[in-house]
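Here is the structure we will look at.
The first chain written gets the first letter, and so on, giving A, B, C, D and E; residue counts start at 1 in each chain.
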Amino acid sequence: MSDDRLLVPVADTPTVRQTVESAVKTALGDSEGYVRFVYVHSPDSSREEEDPTVDPPVKETTEFLNRVVVWARDDAGDREGDLTVETARLGFDDYLFSPEDVAEVLIEDGTAHDVDRVVLDPEYDPGVGAPFLRPLEYELAKFPGLDVEEAPVQARARRTPLLAGSTPIQAGALFFVSFAFYQVLAGTLELFDVVTGAVSATIVAVGLARVTFHTDPTFASLGRTLRLVVYLPYLLYEILKANVQVAAVILHPRLPIDPRLTRVRAAVWGGLPVTTLANSITLTPGTLSVRVDGRTLTVHTLVPAAREGLFDGGLERGVRFVFYGRDAMQIASPRERNDTRVLQPPDEAETTDGNDSEGDVAKLNETGGDGANSNGGDSR
Amino acid sequence: MIERLRVATILVLVLLGLFFTFVSTTGVLRLPDVYSRAHTASQADTLGAGFTLAAVALALGWGTTSYKTVLLLFFIFVTNPTAAHAISRAADEEGIEPWTTDDDRTDEDLLDASQMETDGGDRRGDQQ
Amino acid sequence: MSSDDSITSESEESTYTESQVIMTTVRVVAPFSLTYGLFLTFHGSGSPGGSFQGGAIMAATVLMIAFAFGIEPTREWLRNRTVVALAAGGTATFTLVGLIPVLYGRRFLEHRFYEDQFHIKTKWGLEAIEVGGVAPIVAGVITGLFFLIAAGLFDAEEVSEDE
Amino acid sequence: MTPAFLTAETVTDVFLLAAAVFLLLAVAMFYRAIRGPTTQDRVLAVNVLGTNTVVVLALVGAGLGEPSLLDIALVYALLNFLMAVAISKFTVDRGGVL
Amino acid sequence: MTPFEAALFVFVLATALTTAFLRDVLGVIVVFAAYSLGMALFYAFLLAPDVAMTEAAIGAGVTTLLLLLTLVKTVRETEGPRFERPNLPALLIMGGLLVALVLTIGDFPALGEAFDSKGWVWRNPAVTQYYIENAYEDTGVTNAVTAVLAGYRGFDTFGEAVVVFSAGIASLLVLKREVFTRE
């Protein structure tokens, strides 16, 4: 294989330097000397509190890619002339959540530039969180005509979400929460409780700070907590209302249910907001989130009324209120954005979705989704 | 008088809690497939527990013990939907199709169908 | 990013990724359960529960994290040697508390000795056994067993380098 | 006039009686745990049973005046969802998650 | 028997029998978790919160997960009938044993009583009474269970701790050997 063209996704990992070196060596060794470094943007979980419609950190990534190019030239040494280096930033306009998304972007770019080999940094993870590499390799390998290999790097100090160091603020916040919980359990503020509580809270803070927090809690998160308090009564009311509805259905002698699987693309981003929304949906009777892929929620609905409620997006507005502030509530409902779909259309052609199967309305209205995004962006 | 009112409130809350737990049990027994059952399991039950625990907290009055009840409530509200999500996700991963009104299969059939789709029976045994 | 953006993309073929919802819930619950385990350990002398239960709950917290984040990251977060150190250290502490009176010619685990010699109340001797001995042993052994069953059969090197 | 039975003693009885009813419901729920048919159904049933246990423990604790039972309930409230999470991974055979 | 106890009794019995007879191992693990719930309630109702707490922590958090994990590494049989067919001779023997044991129940003292049905003083009253009366003064610990476990019977507890530790070591060795023979 002397005409291999390499695609190397890079991110700021401990082993990226070695990966670049290895890729360059491969390129100069048995390939035509073409290396394409790509940086894949994705909703960094550390930015979950922001609406990700904000410009991604262009400057930083450009600098990073420039650094990669300098490294590559270094490694090429006197054979610099034989080496063609290109860089690109991908996933700029989309919000990539899962390994599949990233793989798809990579494949798309790879095909466009006639690449036939992907070199993966063993530490590679564009910030999606979760064990990443294996699924990504799996996804890439499914695409024919593309070789996937891991760069042979030494000293694989793997950086998992659990391992990165915690900051004092994270540890402090967790210490506070843990200590407060301990004192509530103890009930009395005796010296013994204060001392052992401090010891316990220290253990918890040191051990779990990185597990619990992705980022430093800020004043914004305090504001979010306050808004969450406002949101809870509303959620409780919704739960009660829907519970009565569903109870009536379940106790009804004929059991008039009409279960359908639906899919909603929510206008919230990041782990905590999506979880809050998913759990709110689950808690509200009649709707149950079955799968959460990025911001696409697969929701099982029990009765039509619950389905309508879901598509009206009341809870989504609530969650947006909690995480993005009051202005963000002014958003078109998922139905108006065309972000909804019933996955199991009834056999009779009742709905506009048609009696045909999936293919018919396969594509969502993109402008609808984007409208939602920019709406969120304005609201900041 | 206040005391009587408190007791009356407690009774009402316990009854509501029992009612919703009853609904949840009925739902789990009556509904046709695992997804619909997960609905009542996560919701009616959470609400039933919520009402009953509220009654307990009211009965215990102001103090450490009723704080603990509130904590119980908080944890149940956080963990129950997650459990329901985990279960329904597992069902989905296994390929169990949700039942719809125009579907005349029973839940057993749906289970069999899902196993047919993969390779039936033991899918993990030959892994090593 | 073309097909996933459409709401109809089939999830059937997708790779397994850890569930966001489960991860986030565990992130919220884990600190509380760990604190509660420690609370039980420290309060064994005054309320029901004690170090055995506390240790078990601490271990359950580790299991919880392992199930949410995947076992490999958890094994790197909590190294094998930490687990072994917990179990062995617990046993050593217990033995030490028992043996010190023997060194002074008293009987094994004679708590009264500490009161006579150092004016340490018997209560603290019991606490030392509970907090320093039983809880780490239980937490360490359960976590170790879990790691062993979870990953032992897959990578022999990890296990062997640990001894 | 409020009815005469609205006293603190009634509350105790009501709590214990309610706990019994909760347990009866649990026995009924147990049918689902035995029958399945899917494993998920069983886990679901046991999860509901776990929630019921928390409630029963709280009721009995309040009814018998034993606040220590709330501590046990707290353990269940914290750990009950673990089995559901574990099962959700158990049934997935892709990715070698367990 | 109060309604509460009756319901609990039925529940625990049902779970125990199902655990014994269900064929699907995965199902058994799940049902066993339900059994553990029932037992925890039993202990709680008999006012043994320490034991109930143990059952809760181990039953809810640990046993199920370890069993499931073990199941992942082994083979699960899913074919065949739903329930195990009981082995008749074994059933007879166990039934006889059960009857014999149940017959002795009448001779036990009632819950919290020191005297049994024949008016005999129940076993070791001196020691038990001593613990109950002197635990706090001797050890300064309000939870008598802890006082007994860590104080009066500290040596027993030490033995148990060592047993747990060596059990951990032993399973480490056994499973490690498994790894090497498989390689």
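In this text, a contact is a pair of C-beta atoms (placed from the backbone, for glycine too) under 8 Å apart; a residue touches a chain by one contact, two chains touch by 3 or more.
Small disclaimer: the values here were computed from a predicted structure and weren't measured.
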Based on which chains touch which, give the shortest step count from subunit C to subunit D.
1
If a chain touches subunit A and subunit D alike, it appears here:
B, C
More contacts between chains, D-E or B-C:
D-E
For subunit A, which other chain has the most distant CA centre?
E
Subunit C and subunit E have mean C-alpha positions lying a whole-number Å distance apart equal to 22
Using Cα averages as centroids, what's the distance between subunit A and subunit C in whole Å?
30
Could you tell me the distance, in whole angstrom, between the mean C-alpha positions of subunit A and subunit E?
44
With centres defined as the mean C-alpha position, give me the subunit B-subunit D separation in Å.
10
Going through subunit D residue by residue, note those that touch at least 2 other chains and give them in order.
36, 39, 43, 45, 61, 68, 71-72, 74-75, 78-82, 85-90, 92, 95, 98
Where in subunit A do residues touch at least two different other chains?
135, 138, 181, 185-186, 278-279, 289, 291-292, 298
What positions in subunit C touch 2 or more of the other chains?
11, 15-19, 21-22, 25-26, 28-29, 32, 36, 40, 47-49, 53, 57, 60, 63-64, 67, 70, 150, 153
Across the complex, what residues on subunit A touch subunit B?
181, 184-187, 239-240, 242-243, 246-247, 250-251, 255, 257-261, 278-279, 282-292, 298, 300, 302, 344, 346-347
Would you tell me which residues of subunit B are touching subunit C in their complex?
75, 78-79, 82, 85-86, 89, 92-93, 95, 128
State the interface residues of subunit D toward subunit E in the complex, per the touch definition above.
16-17, 19-20, 23-24, 26-27, 30, 33-34, 36, 39, 42-43, 45-46, 49-50, 53, 56-57, 60-61, 64, 66, 68-69, 71-72, 75-76, 79-80, 82-83, 86-87, 90, 98
Residues on subunit C engaged by subunit E in the complex (per definition of touch):
40, 44-50, 52-53, 56-57, 59-60, 63-64, 67, 87-88, 90-91, 94-95, 98, 108-109, 111, 121-123, 126, 129-130, 133-134, 137-138, 140-142, 144-146, 148-150, 152-153, 156, 159-160, 163
Residue numbers of subunit B touching subunit A in their complex, please.
19-20, 23, 26-27, 30-33, 35-36, 38-40, 42-44, 46-47, 63-64, 67-68, 71, 77-78, 80-82, 84-85, 88-89, 91-92, 98-102
